[in-house]
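See below for the structure under consideration.
We just call them A, B, C and D in the order they show up, numbering each chain from 1.
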Amino acid sequence: MSTIRKVVLAYSGGLDTSVILKWLQDRYQCEVVTFTADIGQGEELEPAREKARKLGVKEIFIDDLREEFVRDFVFPMFRANTVYEGEYLLGTSIARPLIAKRLIEIAALTGADAIAHGATGKGNDQVRFELGAYALNPDIKIIAPWREWDLTSREKLLAYAEQHGIPVEMKHKAGGSPYSMDANLLHISYEGRHLENPAAEPEEDMWRWTVSPEKAPDEPEYVEIVFERGDPVALNGERLSPAALLAELNRLGGKHGIGRLDLVENRYVGMKSRGCYETPGGTILLKAHRAIESITLDREVAHLKDDLMPRYASLIYNGYWWSPERKALQALIDHTQEHVNGWVRLKLYKGSAMVVGRDSPTDSLFDPRIATFEDDQGAYNQGDATGFIRLNALRMRIAAKRKHR
Amino acid sequence: MSTIRKVVLAYSGGLDTSVILKWLQDRYQCEVVTFTADIGQGEELEPAREKARKLGVKEIFIDDLREEFVRDFVFPMFRANTVYEGEYLLGTSIARPLIAKRLIEIAALTGADAIAHGATGKGNDQVRFELGAYALNPDIKIIAPWREWDLTSREKLLAYAEQHGIPVEMKHKAGGSPYSMDANLLHISYEGRHLENPAAEPEEDMWRWTVSPEKAPDEPEYVEIVFERGDPVALNGERLSPAALLAELNRLGGKHGIGRLDLVENRYVGMKSRGCYETPGGTILLKAHRAIESITLDREVAHLKDDLMPRYASLIYNGYWWSPERKALQALIDHTQEHVNGWVRLKLYKGSAMVVGRDSPTDSLFDPRIATFEDDQGAYNQGDATGFIRLNALRMRIAAKRKHR
Amino acid sequence: MSTIRKVVLAYSGGLDTSVILKWLQDRYQCEVVTFTADIGQGEELEPAREKARKLGVKEIFIDDLREEFVRDFVFPMFRANTVYEGEYLLGTSIARPLIAKRLIEIAALTGADAIAHGATGKGNDQVRFELGAYALNPDIKIIAPWREWDLTSREKLLAYAEQHGIPVEMKHKAGGSPYSMDANLLHISYEGRHLENPAAEPEEDMWRWTVSPEKAPDEPEYVEIVFERGDPVALNGERLSPAALLAELNRLGGKHGIGRLDLVENRYVGMKSRGCYETPGGTILLKAHRAIESITLDREVAHLKDDLMPRYASLIYNGYWWSPERKALQALIDHTQEHVNGWVRLKLYKGSAMVVGRDSPTDSLFDPRIATFEDDQGAYNQGDATGFIRLNALRMRIAAKRKHR
Amino acid sequence: MSTIRKVVLAYSGGLDTSVILKWLQDRYQCEVVTFTADIGQGEELEPAREKARKLGVKEIFIDDLREEFVRDFVFPMFRANTVYEGEYLLGTSIARPLIAKRLIEIAALTGADAIAHGATGKGNDQVRFELGAYALNPDIKIIAPWREWDLTSREKLLAYAEQHGIPVEMKHKAGGSPYSMDANLLHISYEGRHLENPAAEPEEDMWRWTVSPEKAPDEPEYVEIVFERGDPVALNGERLSPAALLAELNRLGGKHGIGRLDLVENRYVGMKSRGCYETPGGTILLKAHRAIESITLDREVAHLKDDLMPRYASLIYNGYWWSPERKALQALIDHTQEHVNGWVRLKLYKGSAMVVGRDSPTDSLFDPRIATFEDDQGAYNQGDATGFIRLNALRMRIAAKRKHR
């Protein structure tokens, strides 16, 4: 156990991180700074201030990071049409590097030599917090209480809380939520307990952000998104800030039952786990971004991006946002978005978002005069196809002759 | 113009290929063999026999290729979770190599020295037919009338037909379908005319295989698919042949409005084009296959497949099914499917198919004892994560020290 | 045959392009502008001016492009450690986009509506010239005489020359060089005739730029190259311009018999061809660049570059320098070179260049305190490896348990 | 510290593993089984038997694994033209999975519940041994003494040896070799001590397998290698077993000073390290294999292999030979080698091996009638290139028009 002078704790104000706060004070005899961020999780943050103060914390940071989160993390990720393992929109993964960055910034501001977080030793989040922190400050000390302490059961945790005067709400005594949840402006996730049997359907009352498709409106709703350089900037004619735009997309998607996902995924630490996600706005945004790219992006650039996307997604999932290889890929991705300008129209209805129109007045590469099935006035010379095919076939013809020989 | 002795024509029995048939006889003074395949397009084939006979054809091939199509082309492609440009399930692309193969086989059987097809000089299908044909018979001659003749407008085509006694149905005189369509057991596609403005929503009455989500049943329906070595083998408890299984999935998907797609895609010949697709069964199958892989496939194998998938998809889209590089990729893909056994349950409802359960009695890699948030009895040592993170961070820490120097 | 007003011809002053010059005037009845570039091929350019003038050309462009060639084409390519098919350093490929660019610039300057070049219809160079030209000016007309005319044998060409008063040197009458050659500051290449049997060793007197290793000095020579942001900037202590540096490396490499290559390569147009190359400076530079990256570049960034390199090499080989996908990759590559600063020492001896030392006073990531086999004073905690290995093994252990079940 | 019943130790008979042997007996109070393999390291193995016996070992395994090593590990790896970080031929990496496999096999044979090895906690070899062992037996216990014990300096190790009656040779007392070395039929490696300054040239007397190029024969020597399905099977006309062939190539390469490498590489555990390698036979083999592929392998298959090679190399370097993703890649690689039959001739001279001829009587794809610069009798239609180029340029022309708009 190393000596710690002062530690910045990622503090939610909930039971677990309150216990951690106390445990850090006891165990390391060090000062604790708390950091609580609003990244759109939809919870009051002021109670966290009060709780921290009661536990003797002198330096309390409560930051509204919603715009930074969407502008500098979510939108850059969506420029790549990022999806992990074919399905997951990385809602949790993309928030962690921002928290890591802010923890390190606050450590610098407050002269702390360590940070601490409440992620367990089995999950991806510990990796994301810590890889980010190490990349930003190689000398930082990191305390992950769940990997250190002996509070290995809920009972022991509750006992520790009561023993140290940490208020325990009724719901905790009753066993707590049947799910482990995480939320931010991009998504809410559910893991654990009832979901640990991947054969069983999640219960309807688990879902919090979206209505069930069955209860969604019987009328479809159309939405139009304007993109500039690959990022959405306006919704239904109204220019919105990044966070406001994503929040509104969440509202619309949630209303129409869009963005539920039930998935078994592969964690970086080596096991499979089952997670359920609601990503209403992100689900719409992904489709819209692909659609605006479909008319503004060159074919080979689009394919290059598609080839690299799974790797980029894994980097984010695994916690390498602050790595040099993620930044190198981002340089490529951002470079490609120069012409990704225009609008997309989608139809939202009972669980699905369908693209029904797209155009780019300034940057469209769709040329109806060439693509047309009608007479194209010579814009395209069909005879060119003969040579194109014959030379592309040449190597295979030579090989086929070998076979016949 | 080369000398042709006998040509095998991919013949649908429709107006265009009937005109081609006659034109081949006139232009090349050669014998024409017709080949008409049932790949599940849902049209009567016997009229094609009659029409061919009337046009003087002596060798007429009408083949039911449905089982071969699904077993040897569709299913192998789905083993890779194949999607082109993030959206398109390659319904047209995957049928062409089978037609090419059969054309070459019939050419060998009948002693023909050429094949002919009715694909235009602007599209992908000419490439797919011809690359396949050349790969299978390097000496074959290929006639693509649309790249050769001067029947460059519908009026000229109709005039030619009437002049040569080819029956022209009323619908053709009236201008024909507003869309260019293609169908087989995997999908039906729409291109051209009304769709040439990518900003405009397709008209509801265009869609033929699926009801609109709005008109789909108000009650969700569950379906269970059993996989063996990566291929679906049973549906709702009933073991079915490949073609029968896909047909039944199409029925279910169509009933629930599943599998519509409105897309601007990049053609191999260099232009963007707008296509609409209905792939009801395939849309369900793709989700189900990803789900069964999610519990049976190793993480890194799954990621390797994801990394290679866009390339594999492009090969199929571009017509390289019979190429050695597609076969090499298939060797890898097929190798990975050994343990992809188990079942998946999906909920179909008003346009969407959602996975709600999956299991593999024999091959699951999901181990709840390790993934659990509860006490795992020591199956996983949380302390291992410390070293894992620290060594993964090491290179970034060294680099960060460089920065601070 | 389209109408041409004025055409810019890539003109070497040699027999072939002189015939082309005349043929263009005759065939298209158009004005011809000549463009001759010094890219380090080591030939006098002024005779080309005289010849062009005699053939009635009024606008004659003779440009020294050596610095631009090395600075904007060769060095950016070497930042990626670019090698085609494991061996070829792309000496010819990388010069073509510069010629294409200059042809289009001169067409704009002179009001020409077409360009012409002397590349044959079988090779890669026609593709490289024309893809570049089309990318830079989509409306340009391109004349490739070798694909058009009937001067299909050397005899016909010579007859045409004599008939039109084009001077024919003795060597041409004697049958010309036994090789088709191309040279610039990066390399000289040999193809054709004597090399068309890939089983036979090239004759020693073919090689022009390098002595045979057998005749190279018996004493090794050391050379030290300084890199800044991935580009070489100084040699043996002397700061040199890009072209001067590469020229000096060529001299050194040539003296020591370095950089010969005998290769069968795959052309973009579909056939295999045998080529021999001398790339003395480039061969040294490639090794040196890898070496400076080896101590300054992050592992994962280096691996990302290695993964993308073959694709980048194919783009250049195939003529896609001016494509958006090459530029996107370049954005990534250039981004990675920020810290590639330092020096490399190599030993040149009888055909090989071996790295024997490298360091970066400002940007080294090599930390002897960590890598040491000696006591490292706690810089690295060996115990971390246990967790690192155990978590990396976890998925394989779970799979192995499945196997045993 | 877990309870161990019986442990299989990878035992060289040298000082370090002898100390480990004794330490295991003392520390774990368990029985030790020794395993010593001949993989071509060129050392007598019988002394190891004697030493083990003296230390009380009852079950002693001494296996000649040379043929298996080359046939089932080295050759499969060379089918992929495998090179790590552009330079390293993976000589150490490829031997470890064989040792891991044999350790697990012997554990099964002898009823041991653990294995142990002498690799340190900083290197790659611990990872390779242990990932392999875990993949083959998920329940095996692994003891890595260097990560556990307190013998952290050479002095303590020597003291322990003397204290326990383990014979210590004079060279050890004198400080041991200035390098950490590893050898097998593929290579010998040097790390540590004198090499820890990457700026300094290795001393000439370090190299053991190759003469310096300066001292190599003044006459070049030609060698001809025959390949079948991608593997070398005969040398200079004589059919040889895999191990015999590689040994003979080593002799020839060593004689001519071929295969030295001085490298800074990136270890999997996160740091850079400097290594020097001699791989005489492998260096020749790599060039030869690329050459035989150059005339027998399809272009796109070759490029697919090149794209995947760095990933495959990293898998082997990082210790994932027994992983499912390596096996999946191997399935692809092996599939591609069917036609890789023929012969290659190389010239060996003072440090370099140059391919000077290659042919495949049965499988060549080199068709001189098509590639020729002479009249090809119509085998290739140059006019095809026009359409080929025009359609490949189409997307860039459309984009260029956008720019001008």
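Note that a residue touches a chain if its C-beta (ideal position, glycine included) is under 8 Å from a C-beta of that chain, and two chains touch if they have at least 3 such contacts.
A quick map from chain label to UniProt name: A, B, C, D = Argininosuccinate synthase.
Fair warning: this is a prediction, and the values are worked out from it, not measured in the lab.
Asker: Which chains are in contact with both chain B and chain C?
Answerer: Both-contact set = A, D.
Asker: Does C-D or B-D have the larger number of C-beta pairs in contact?
Answerer: Between C-D and B-D, the larger count of C-beta pairs in contact belongs to C-D.
Asker: Give, as an integer number of Å, the spacing between the C-alpha centres of chain D and chain C.
Answerer: A distance of 32 Å separates the two centres.
Asker: Centroid from C-alpha atoms only, then distance chain A to chain D, rounded to Å. What do you get?
Answerer: Centres of chain A and chain D (C-alpha means) sit 40 Å apart.
Asker: Please report how many Å separate the Cα centroid of chain B from that of chain D, as a whole number.
Answerer: 42
Asker: Give me the residues of chain C that touch two or more other chains.
Answerer: 266, 269-271, 298-300, 303, 311, 323-324, 365, 367, 370, 380, 383-386, 388, 390-396, 398-399, 401
Asker: Touching chain A in the complex: which residues of chain B?
Answerer: Chain B residues touching chain A: 81, 85-87, 120-122, 126-127, 130-131, 134-138, 144, 146-147, 152-153, 180, 191-193, 196-202, 213-214, 218, 220, 260, 262-267, 269-274, 290-291, 294-295, 299, 302-303, 306-307, 310-311, 314, 322-324, 345, 347, 349-352, 354-359, 365-368, 370-376, 380, 382-386, 388-390, 392-393, 396-401, 404.
Asker: Where on chain D does chain B make contact in their complex?
Answerer: 266, 269-271, 298, 300-301, 303-304, 311, 320, 323-325, 327-329, 331-332, 335-336, 391-395, 398
Asker: Can you list the residues on chain D that touch chain A in the complex?
Answerer: Residues 298-300, 339, 363-365, 367, 370, 380-381, 383-388, 390-392, 394-396, 398-399, 401-402.
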